[in-house]
């Protein structure tokens, strides 16, 4: 396989998932599978209604951490183009937060790599969510379930 | 959870994956995860260059079989809206063949259900691919790997 | 009458996409297969191959599934969509 | 000099997003943490919590990682992106 493209973007602006998927698809004539994931802001967390959110990040390190995660995925599976976009700044319910798209020759690899990248991004990339509820603002707590989702890849 | 929408379409026309993803996302304010898959026509199969493909199907049964598969996924995981689109008729390399999009509250469920639906669609829904190579037309052979991918869900 | 359908490679090999079969004396899917082979000749033994799938009224069934007048019965090779 | 950064809840609790620390006598990440607590007072014990992550030049490291003049050292709570 020739060097496949990895694109990582951290941005305040929204993204067009359809355009990203088209770009992944048209990068190669050999990739039969594109798995993707979009994380969406929910209006409910820990049982409380959430009206808005702000995403803080560590500029520079976020891109570096995500690029490292994609590199680890490439060591595990033969992949084509990969695109990861993560938004920062103020967000509203139903806004897109993150996009991960993975092209591969076959679907098993694209699914596994897409889920791997999300599990690692959730637990390794320096982003923090602060949400607004009726009681004011609060930092979102990390979930034990996210850590165990990432850990399970180390047992394989 | 209120009744979530299942949309199944079998059509000759291409589809706009971005629009489908937007519709999945805007169906609910409670779904934080949208996993999706796009199957793409490759220009290579079994080591031979493929210049074109025709997809035959069993009209009526394809929609019914896919709807049943989505129903089985809903019995396994709590899901939001689900969209499955499968194209039929003539296709070129890099054309989109199939779209599966699954919304869920959390990402683990959306990934599992999306892969489950693809694995079952591949082995249960009555579609057949005929491809054109330099030696003429030939029917694509079913892969043992697809059957074992579907079987593994029965062991869980 | 039973409406019988054939798809893909099987349709091409038999040179037939659809036909009508009398329901009389054809009480199961397996009996329909035998009647088709008896009527069509050696080439129709293809219907007996292990990997041929049978669907009755658009649901996959085994050979012992009972047939009723007006049913739609399909024979087809392993599927390759997606 | 070592450039030290704090993020999210920790940044708010310390009331500081960034500061400069003399490199002299601060040879490891753990030593930098001790120097910050000594200099900042009790509230800065927060840096010693088990779940606080340390990144040196934008890579996660343990306390024994050596520091060099000009390094960028970050302290932050568990991440919650994605």
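Observations, loosely collected:
For clarity, chains are labelled A, B, C and D in written order, and residue numbers in each chain start from 1.
We adopt the following convention: contacts are C-beta pairs under 8 Å (C-beta built on N, C-alpha and C of every residue); 3 or more make two chains touch, one makes a residue touch a chain.
Source: prediction; values computed, not measured.
When chain centres are defined as mean Cα coordinates, D lies farthest from chain B.
In whole angstrom, the spacing between the mean C-alpha positions of chain B and chain D is 48. Distance between chain B and chain C, defined via averaged C-alpha coordinates, is recorded as 26 Å.
Annotation: 22 Å between the Cα-based centres of chain A and chain B.
In chain A, 39, 118 are the positions where the chain touches two or more neighbouring chains simultaneously. Residue positions of chain C touching 2 or more other chains: there are none.
Screening every pair of chains for touch gives A-B, A-D, B-C. Listed in rising order, the residues of chain C touching chain B in the complex are 5, 7-9, 51, 55, 58-60, 74, 76-82.
Residue ranges on chain B touching chain A, taken from their complex, read 16-19, 21-22, 25-26, 29-44, 93-94, 96, 105, 107-108, 110-111, 114-115, 118, 149.
Chain A makes touch with chain D in their complex at residues 39, 55-58, 60-62, 64-65, 86, 97-98, 118, 121-130, 139-142, 146.
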